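Chain lettering (A, B, C and D) follows the sequence in which the chains are written, and residue indices restart at 1 in each chain.
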Amino acid sequence: MAKIFEVTIWATGVLQDMEGRHASLLIANAADKAGKFVQAWDNYADLPDRVNVPLRKYARISDEEIEMRYEYENEHPEMVIIMQDAIIKGMNVLWGMPKGGVLVINTKRSVDDILKFIPNKDLLSKIVTVDANSIAKVADIDFMGGEGGVEVVGIGAGPSAPLVGAACKVTDAFSLENVVAVAANKDGVKKGYEQAVVTNL
Amino acid sequence: MAKEYFYSGCAAAAYGAKAARVEVITSYPIRPYTGIMMELSKLVANGDLDAEFVHGEGEHAQMSVTLGASASGARAYTGTSGVGVAYGMEVYSPTAGGRYPCQCAIADRALDPPGDFGSEHTDVMSARDQGYIMGWAESPQEVFDNTIMFYRIGEDQDVMLPQFCCQDGYFVSHIPGKVPVPEQSQVDEYLPPYNHPHPLDPHRPTLHGPQIFPDQGAAIDIQRAGAHANLPKVIEKCVKEYNEVMGRNYAPMLDEYMTDDAEFVFFLQGGHAKTARYAVNHLRKKGVKAGMVRPRFTRPFPSDEIAERCGKFKAIGTIETSTSYGGAMRGGNLIHEVRASLYDLDKRPAVTSMMAGLGGEVVTLDMFFQYAEVLAKAAKTGQVDQWVYWAGFDIAGWEGARRLQF
Amino acid sequence: MATVKTQNLEMIKSTRNAPKAEMYVPGHRTCAGCGPALAYRLVAKACGPNSIFLGPTGCMYVANTSYLCGPWATPWTHCQITNGGAVASGIEAAYQVLIRKGKWKGELPNIVVFAGDGGAIDIGLQAMSAMMYRGHDALFVEYDNESYANTGIQTSPATPYGANTTFTPPGKAIPEGKVLFPKDAPQLVIGGHPAVHYVATASVAYPVDLMNKVRKALNYQGPTFLHLHCPCPKGWLFDEAKTVEMAKLAIQTGMWVNYEWEKGEYKYQHTPKEYKGVGEYMKHQTRFKHLKPEHISKMQDFINAKLKAPGKPIAVPVAGPRERA
Amino acid sequence: MPKYTVKFKIPKHLQVPMGAVIPSPKTENEGMITGNWRIVRPVIDHEKCTTCLNCYIFCPDACWQLNEKTEKMEWNAKYCKGCRICINECPADALTAEEELNFPDGVVRLDVPF
C-alpha cells in the first residue's frame, strides 16, 4: 500500500471546532490541487464537541489511492498541528508519531517553553512556532461550521490560515502557493509562513 | 393435583403470568391481546395476584415500564398486538441489549392498512432480530406452559434475555381449549424468584447503559449473540425439566408429526399447526406420505435441528403466516431460514413458500390439500415450479380454497 | 396499598449547610461552564444517596457517559429520549411491589428523571404526562437549555423566539431564525394532571432556592415537576464564564421567572423591583446577534404580556404557515 | 457441517460488562479526567477570600471544596475545566485567571481525550 502522510490537528472544543476542521481542509485541498490523493475528516468520537474539550481533526495525503478510507483515527501522524498551546500539557499530542515527526504550534511562547511540556519530544525532528492568533483573529463563534456542514464562508479565514501557512515551511506534502490558492485569508497564510520560527531538534 | 380449566389463549396467558408470580404488569388496549390484561386486572383487583398494574399510555410506554421494572429487580409482564408491536419497536433493542428478561405476550394481528384485526405473524416477525426469545404456541395449554417456560429460559443467568411469548390472534387467543393448571407449588419449584445480578439499587449503585466507543460495539453485540448461542442448551434443559415437573411432553425445538416416513412436510409455526395435523391425517388415509414440522421457537431459529432432521424429506412447504415483501423467494419469512438451514446438506429437499393465514383468513383443510398436491409433485420431480404459492389466487380451479368469511 | 415516602428532607438555609457529599461527582464530558451540569450537581446534592437517576438521551446522557463511565455516585440508568417518564414509572412500580413483599428494605428511593427540554416537553411529552397522570412517586426534572444541544443545537419547543439554531438559521426569507414562541412547560403539567401538587421553576443563578425546591418536591408524595433554567454556552454562544450571569440576567429581564405552584397557589421568587429590557439579556448571546430592533421589541411585547401574570398561559402571535421554522 | 460459535474471545480493551452495566463511582469519575482541558486556571488569594462559597456552589464540576479544618477553599486541579465561572462569581476578587502553561504541573496527561 502506498505511503500515506498523516496530519493530526488538535483544537479546542467549540471555540476552535471550525478552525480545526478548516486546517485539515486547507491541507487536503492544497494537496489535491497538486494532484495528490487526499482525505480530511473530524474525529467522530470527539464530537459532539464540548467547550474546551480537546478535539482531533485529521488529514491524509498520498501519491496513490488511499485504500483504508473508513477509519476513525490517524494512527501514525508525521505532522501534528496544535491550534491552542495549552493542549500540549494535557494531551500526548505526539501519540502514534513515528520518529522524526514535525510539530506545528500556535503560540506566543518560546520553543523551549513549549518543549518543557512535551516529555516525548525525542520523536520530533522539527518544531514550528507561530502566533497565529495575532495574525488572524477568530471571528464570532457561530453555527456556520456545524458538524458535516458545507463551509459556505470558505475555508481558512481565521488562525487556521497562518498556522497551515507556517506548516508549509517544514513539509513538501503541500505547498504554500496551493494553500494560498485555497484559503480565504490568503494574506494570513503568507504572514504565517513568513513569521513561522522553525527549530531543528 | 393439576385442575383442568377451559381457557382462551388470552386467559391461559394471564393465568400463566399469575402462576409465574409476575410483579409489575403494564397494559395498553389493542385487540386481540387485550383479554390477557383484562384477566390480569381482575386477578390484581381481587388480590389474587400481588402485582403493580400500570396502565401504559401506549406500547412504547409498556415496553419502557417493563424495562424499568426488570432493571429494578421485579418480574415484569406486558403484551400487545399488531401495530402496537410496531409502536414499541424503539425499546426492543435497549431491553434485549440491556439484558432485562421481561416478557411480552403477543396475540398477533395484521398490520394496517387497512384496519384488520385478523391474525398474521408479520407484526412480531418484523421485530424478530432484536435479541428477544420468540416462539408461537399452538394451543391455549401451550400458551400457559410457554409463559412459565419462557421466564425460566430468559432469566437463566447464561441468557438474561426478554421474551416474545406469541400466539395467533383470535385462533388461539380467543378460542378456548383445555388447560391443565398445575399446583402453584409445582410452578414455584420450577421457576425460582427473579434475580437480577446488578439491579438499580441505592444499596449497591450501578450505572446502566453508558455510551461506548464505536469500536466496542461489536463486543457488546457479541454478548447478545453469545446469549443466543447458549439458548439451545438452556432451552433443552428447561423444557425437559418442565415436562418432568408438570407431566407434559414438549419437544424443545422442533415439534414433528408423522415425519418418520414422510416424503414431504408442511413447515409452520403457531395455531394453524392444529389444522395441518388433521390435513396430514386425511392425506395419510389417502396413502399420501405427508407430515408436519412445527418450530416451537422462531428465535433462536432451530437451524441445527432442521439440518439434522428435515434433510430426509423430498419436499418442504413453508406455510407462511407472514409477509416479506420483496424478500428472497418473494414469499414469507420462514422459507429464508429453512432454505438457509438446509443449504449445507449434500441432498437438499425442494422448498417452497406457501402463503396462508394472512390478515386472519381461515387456513382450511382444503388449502393444505391443494398445497399437498404441489408438494407431492415436487417430491416426485425433486423441484418446485414456483418460489411462492398463493393458494386460491395464483392457480386456477381452486374454488373454495379461500372463502370469504362475511 | 401503596408504599409512600416518609422522609422529610429539611430545607437548606444557606450554601454553607448544603449537603457536603457530591452525588454528581467530578469527571464528566460536559462543556466547561455547562449550565445543565451545574443544575445536575445541585439536584443530586439535594437528593442524596437514596436516589435513582434516569437519563433520557441528550447532553446529560451523552456528555456524562462518554465513554463507558459516568459521574453518579447513585444508581443511574439511560433511557430513550422518548420514555423517561415511562421507565421511571416502571422503576417506581417495581419498588412499590418489592418493598411491599419485603424484597427490598428501606425508604422508597427518590426516583428522578433528568430530562432535557426535548425529552420532557417535545418527544418525551407523552411519557412524562402519563407518569404525572398515573401519580407515580417520582420527580421529573426538565433541565432547559433551550435547544437540542447534544446533536449540535437544533430548535426545540423551548427555544426562544428569534434564536439562531442549526435548524432555524436566519436568512433572507426568514430573518428572525426561529419564528415560533416556546411552549410553556410548567403549564403543560399544571394544566391537566390532578395527581400533581407541586410544580416549580428554578434557576442555576439561585442554587439554594433550587436545592430547596428539589427537596420540597421530593417530600411531596406523588409526581412533581421542576423546570430548571440552565444557560448553555455552546448553544447560546456566550462566554462560558458567564453561565450564572446569564441565568441572573434572564431573571432581571423577565426572560425567566422563578415561581412555585403548590396546590393551585402561585408563589414568586427573586422578582426584581424593576425589569431590565430583554435586549440587555439578548445582546450577550450570539444566537440573537442577527435580530433587528423590530424583532427585539416583538420579544419584549411577549415578555411584557407574560410578566402580567407569570406562570399563567398567554396568547402568542401565531406564525404564518410559510414562516413556521 | 458448520457449527455455531459459542465461546468468544474478546480483547481486554474491547470488553464491556454484561448489558454495559458498571459500578457507580464514589467520589470522582476517573474515566473522564478533565483537568487537561484547561487553557487558564483560577488562582486564589486566600487573603482576599471571604469563603462566601460562591465558587463552591457555582462550579459545575464540584472543583472547589471548603477544607473545614483550615477554613480555606481547596481547588481540584485534576478535574477543573477552566470555565472561569468561579472567577466571574467571586464577589471579593480573590480569584484570577492564569495561563495553564505558566505552571509546570497540575494536569493528568492523557493519550486520548476519551
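As a convention for this text, a residue touches a chain if its C-beta (ideal position, glycine included) is under 8 Å from a C-beta of that chain, and two chains touch if they have at least 3 such contacts.
Since this is a predicted model, take the numbers as computed values, not measurements.
With centres taken as mean C-alpha coordinates, the chain found closest to the middle of all protein C-alpha atoms is C. Measuring from the averaged C-alpha position of chain A to that of chain C gives a distance of 39 Å.
Each chain gets a centre from the mean of its Cα atoms; for chain B and chain C, those two points are 43 Å apart.
Centre-to-centre separation of chain A and chain B, using mean CA positions: 57 Å. With centres taken as mean Cα positions, chain D sits 27 Å from chain A. Chain C has residues 29-34, 62, 66-70, 72-76, 240 in contact with two or more other chains. The multi-chain contact residues of chain B, meaning those touching 2 or more other chains, are 205-210, 212-213, 215-216.
Shared contact sites, meaning residues of chain D that touch two or more other chains, fall at 16, 20, 22, 24, 34, 37, 81-83. If you sketch which chains touch which, every chain touches every other chain without exception.
On chain B, the positions that touch chain D within their shared complex are 97-100, 160, 197-198, 205-210, 212, 215-216, 218-220, 222-223, 225-226, 229-230, 304, 307, 344.
Considering their complex, residues 213-215 of chain B touch chain A. Interface of chain C with chain B (complex): residues 49-52, 61-62, 65-70, 72-80, 82-83, 85-91, 93-98, 100-101, 103-104, 106, 109, 126-127, 129-130, 133-134.
Residue ranges on chain D touching chain A, taken from their complex, read 34-39, 81-83, 99-101, 104, 107-113.
On the chain A side of its complex with chain C, the touching residues are 13-14, 45, 48, 50-53, 140-143, 146-147, 149.
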